[in-house]
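The data blocks that follow each hold one structure.
In what follows, chain A forms one complex with chain B and a second complex with chain C.
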Partner chain A sequence: MAYKFPSDEWIKALRDMLNASESYQRSAKDWEGDFLFIAEPDDAYPETAYLHLQLYHGSCPGAAMMDLDDLPETEYTINAPFTTWRKVIDGKLDPIQGMMTGQLKLKGNLMKIMRYPKAAQEIVACCAKIPTEW
Partner chain B sequence: MWHFVSPKIVFGESALSSLEEINISRALVVTDHNLVEIGAIQPALECIRKTGCEMLVFDHVSPDPTLESVELGTAVANDFQPDWIIGLGGGSPMDTAKAIWVLYERPDLIPAMINPFIKLGLREKSRLITIPTTSGTGADVTWAIVLTDTENNRKMGLGNRENAADIALVDPALASSMPPRLTADTGLDALTHAVEGFICTWHTDITDGLCLNAAREIFQNLPVAYEAAQADNPQQECYTAAREKMHNAATSAGLGFGNAMASLAHAMGHVLGSVFHIPHGRAVGLCLPYTIEFAARGEDPSRITILAEMLGIKGEKSSAGLTLAAALRDLAREVENPLSLEELGLDQKEFQQVLEKMVDDAFNDTQIITAPRAPSYQELEKLFLAAYSGQPVEF
Partner chain C sequence: MKNILVVDLAEKTHHDEQIDRDLAREYIGGSGLAARLLYHQITPEMDPLGPENPLLFLAGPVVGTSLPSAGRCSVSARSPLTGLWGESNTGGFIGPEMRFAGYDGVLLSGASDIPCWISIIDGDVKIHPAEELWGQDTYQTQDSIREILRDPKARIACIGAAGENQVKMAGIINDHGRAAGRTGMGAVMGSKKLKAIAFRGTGKVPLADPDEYKQAVAEILNVVKEDIAAQALRLAGTAGYVDMGSMFGDMPAGYYQLGEWEESSHLSGVRMTEEFLNRGVACYRCPIVCGRETHTLKYKLDVMDGPEYETVAAFGSLALVDDLEGVIYAGHLCNRHGLDTISTGSTIALACDLFEKGVITSKDTGGLEIRFGDVELSHQLIEQIAHREGFGDLLAEGSAALAVHFGVPEMAATVRKLEIPMHDARSFSGMAPVYALSPRGACHLQGDMYGVDTGQGPATELGILPGDRFENSEEKGRIAARAQAWRSIYNALTVCHFMNPGASRIQRALNAATGWDYSLDDLLLAGKRIFTVKRMLNLKLGSNAEDDRLPEFMLKSFPAGGTTGFVPDLKILLRGAYLEHGWGPVSGLPSPDTLKAYGLDFTIPDLP
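This part shows the complex of A and B:
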């Protein structure tokens, strides 16, 4: 079954992938801090989408697509146009290179996230494993 | 989209003399005390003096540079107000100089905040010159800063593209008297940069040529440079030529991997350096054959096959990675470096006691993310065990 991106089903599929990933559990075992992924509108997708990922000590207790009015406070946000997210999820853009070149905009405690590069990579590796419908 | 960052590089015989062409008023020289003591950097200091500038030497840089030495050096810079900072020495002084420069320009930051995702806005107060005195680190041309967090016994991979030096002066005379062990260790460091820069997942068309040529030159010239370091007549032309080739290869490899990335041998080597204080080049060079064997047994060993072919390492195409690993071990043996941690003299009990921490730290080292074959936690543990015992990697 393929999951449409962005959607509540897609981000919940990512939650399940993370909770099944031993590599993620190991690399993020001390991690505390939720993420908000923001897919901005572009020629390929007309709306802004907000995907919330709860991350705590190597697990993902919750995930949901949110409305603008209900956005939670998160430690990190990553903004990018829809097409850039597609490149990341398709494995065509390394997310860390994307952040270094400004294609993905990361806000939050950068000092902390620099200590967990493998965890960040595992999140993306899990994204790439989700059968995605565009 | 990607970037290629490089200082202006002045290289070859008498490169140091180009200092006279730079308008310097106040130079803060960041170096290590041993280099001052043995007089190895005297020619460089003389060249800086000749510019007529006011010069202050900060030489409190330790072999695994610490946050404390950076903070101390920043205080010195704040007091002296240099318009140029000069990193003079091996990787430790040059990395320390980069960090001091950033914090001098940006007093609102602490070292751990130097990351590639922010705009630093450097070059308001000063600029940076790097002058390597060893042939290996590549820190003269990279923007990476590796510091040791002594509280957590962990290497910190920091840096931002902006903090690459403005000018790198790569003068082979400064490295011509390196002793044998340092020649071998730094040479294997440069080789590891070249190999990992070529095989890592962030390699590019622009960096491939630099890494490839550097690897070829190091295979050819490191044994001669090592011999030169022990010779009664080290000024023989064949020796000085090999030394110069190694000096240039180290900078080329630095440009190559610095604009791509390193890989798994660096992730493991960083941990061995912080836990056991093994010199960086010896640690990464020792790990490299094991990580190459591991990558060669992965789903797509094509980069390793290409590298082995381009280096002229003969063997079955299907086992190119294993042949390359054997060639790396042969070279390490030729320069009398250990092939395993046991041979290096590490106590097995002590090694086992810290194994879990080492695997944890290597698993979250920045260099692991570009490994051509990503190891699982268990595979990384087995790689450390293989590097300890010297057993080839067969998984």
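This part shows the complex of A and C:
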């Protein structure tokens, strides 16, 4: 079964993938801090989508697609146009390359996240494993 | 670029020489112009530690202006470590202060009969005896000279015990712990019995179009402030790369023979910031502030420099040391004695490898058990190297000489006898041709493909595009060659590689500063010209395309880690790089036509 991106089902599939990933659990074992992924509208997708991912000590207790009015406080947000997210999820854009070149815009405590590049890599690896419908 | 001070240390005389305007435009400044100016002076017969070896301090045309991170200074000569073209560059304030004092460069010839130092204060040049300074460490020397001059703002470039003892990996230290570390320029200074040069000036660097320059600089400042890589450097210093470098398999461990080493996380720049940082330290007008001032309780020091990433890896993971405090102290000792941390750390790690594999025993080392993981031993060996005592006297000759001495030249991680820096080419394929072709021997500052492929400041307008770090192709080799040309421009401008606003903005600033009319194509061509003139110098000095190689053991894949199973295909990558440089795709030699196209006709007689 393929999951449409962006959707509540897709982000929950990522949650399940992370909770099943031993390498994510190992690399993020001390991590505390939720993420909000914001897919901005572009020619390929007309709306802004907000995907919330709770991350705590190597697990993902919750994930949901949110409305703008219901957004929770999160420690990190990553903004990018829909098409850029697609490139990341398809494995065509390395997320570190994306952030360094400003295609993905990260907000949050940079120093804290610098200690966990492997966890970030595992999240992207899990994204790539989700059968995704565009 | 106008004026070079020429000092004859044997005769204790000096005079000014004007820089030819056309040469300045074609080679820009820094190590680019230095290679052109010294091309005929450096000969194969010359002893790198003899009085005839010229030593040239040279800034670039934007140094000392309002451009951010434009405070570096290049130091060049024939290298005593490699026997080839030697260059190193340093940050801090020495480059700007030299220009404020009235000179774009200082050329030192001959050798003094007694230890001496030079003061250059607003154009007033004096050569002083230095018997009382000889024997002082680099920190003491800087303090002593400022006291003698009664000027706390004087900027001093000096050598420590390593330079005095002509240790082949001796560097030149300035602004407390900034270093022109690589290729043994400190040993050349020591061979001339020159302890230090002090600069102080109140002049201003002239600009061709000040209003245009101001706008160009403002635009660059905005870009640099928004750059996430620059922000990371400000937060955690260059050692902030430790965690990412380990993930990529880029940070070498166990003398480049372990694909992964989890303990490297103990060496993180983030940890250094949290536990040992006093403050960030900036070079001249630099908004990035990657420099570190640290302290250590264990070694009872309140103020120490750095260390930066290369030092952390060289004395840390490379030697399987995870004691960050011990690594910080190792960096401090190297600065104090004026040693290149990359070559020193790597040579000590090679000694560990030789010992662990039974190539050497404690009979060879004066009784020392030289094993991985022992940072206190590294401290002891640093002292021995700097003072050429015991086993340190052999280590002082560098890794290549050490390996040859024990009959195992293939075990040294060097290219053209220069120790390979702390980026593994198995992690970024583009680093393989960068190392193999670097004119000063293996060097990460002659093309930073680990930066390009992680998206850190690639000059996309020049076709230096981030891509797959595991790509083996001619195109990747071509990109690496363009990166080499671009960083040759940086090393000629003498600006910092962490300031990456894009090629067009650099071009605009350069033209506004100098009145030149460089296009982007002209800039790339100038980069290739500079890279090729250094290639020709090395050909003249006996190094040829057979030296365009990496040690075999560094072309074996790892079964695990961030580079699992990958090795760069050096042959295909080199072919692409050769083509991009305009050299023969198989021979690696520039053709006479290429040399003419680059304006390097004068080098044609040196073709083999």
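To be clear about the criterion, the second predicted complex is superposed on the first by the 134 of 134 C-alpha atoms of A that agree within 3 Å, B and C clash if a C-alpha of one lies under 4 Å from a C-alpha of the other, contacts with A are read in each partner's own complex, and residues count from 1 in each chain.
Quick note on the criterion: a contact is a pair of C-beta atoms (placed from the backbone, for glycine too) under 8 Å apart; a residue touches a chain by one contact, two chains touch by 3 or more.
Computed from a predicted model, the values in this text were never measured in an experiment.
Enquirer: A:111 in the overlay: touching chain B, chain C, both, or neither? Say first, second, both or neither.
Expert: Both partners, chain B and chain C.
Enquirer: Given the touch rule stated above, what does A:49 touch, chain B (first), chain C (second), both, or neither?
Expert: neither
Enquirer: Look at A:38 in the shared chain and tell me whether it touches chain B only, chain C only, both, or neither; answer first, second, both or neither.
Expert: neither
Enquirer: In the superposed arrangement, does A:126 touch chain B (first), chain C (second), both or neither?
Expert: The answer is neither, since A:126 touches no partner chain.
Enquirer: Check whether A:11 is in contact with chain B, with chain C, with both or with neither, and answer first, second, both or neither.
Expert: neither
Enquirer: Which holds for A:96: it touches chain B only (first), chain C only (second), both, or neither?
Expert: Once the two structures are laid over each other on A, A:96 reaches both partners.
Enquirer: In this superposition, which partner touches a larger number of chain A residues, chain B or chain C?
Expert: After superposing on chain A, more of chain A is contacted by B.
Enquirer: Show me the chain A residues, by the header's touch rule, that chain B contacts in one structure and chain C contacts in the other.
Expert: 94, 96-97, 99-101, 106, 110-111, 114-118, 121.
Enquirer: In their shared complex, at which residues does chain B touch chain A?
Expert: Listed in rising order, the residues of chain B that touch chain A are 1-3, 112-113, 115-118, 157-158, 161, 201-202, 360, 363-366, 368-369, 374, 376-377.
Enquirer: Using the touch definition up top, name the residues of chain A that touch chain B in the complex.
Expert: 22-23, 26-27, 94, 96-97, 99-101, 103, 106, 110-111, 114-121, 125
Enquirer: Which part of chain A faces chain C closely enough to touch in the complex?
Expert: The touching residues are 94, 96-102, 106, 110-112, 114-118, 121.
Enquirer: Which bits of chain C are touching chain A when the two form their complex?
Expert: 226, 228-229, 231-232, 235-236, 240, 243-244, 247, 265, 268-270, 273, 453-456, 458, 466
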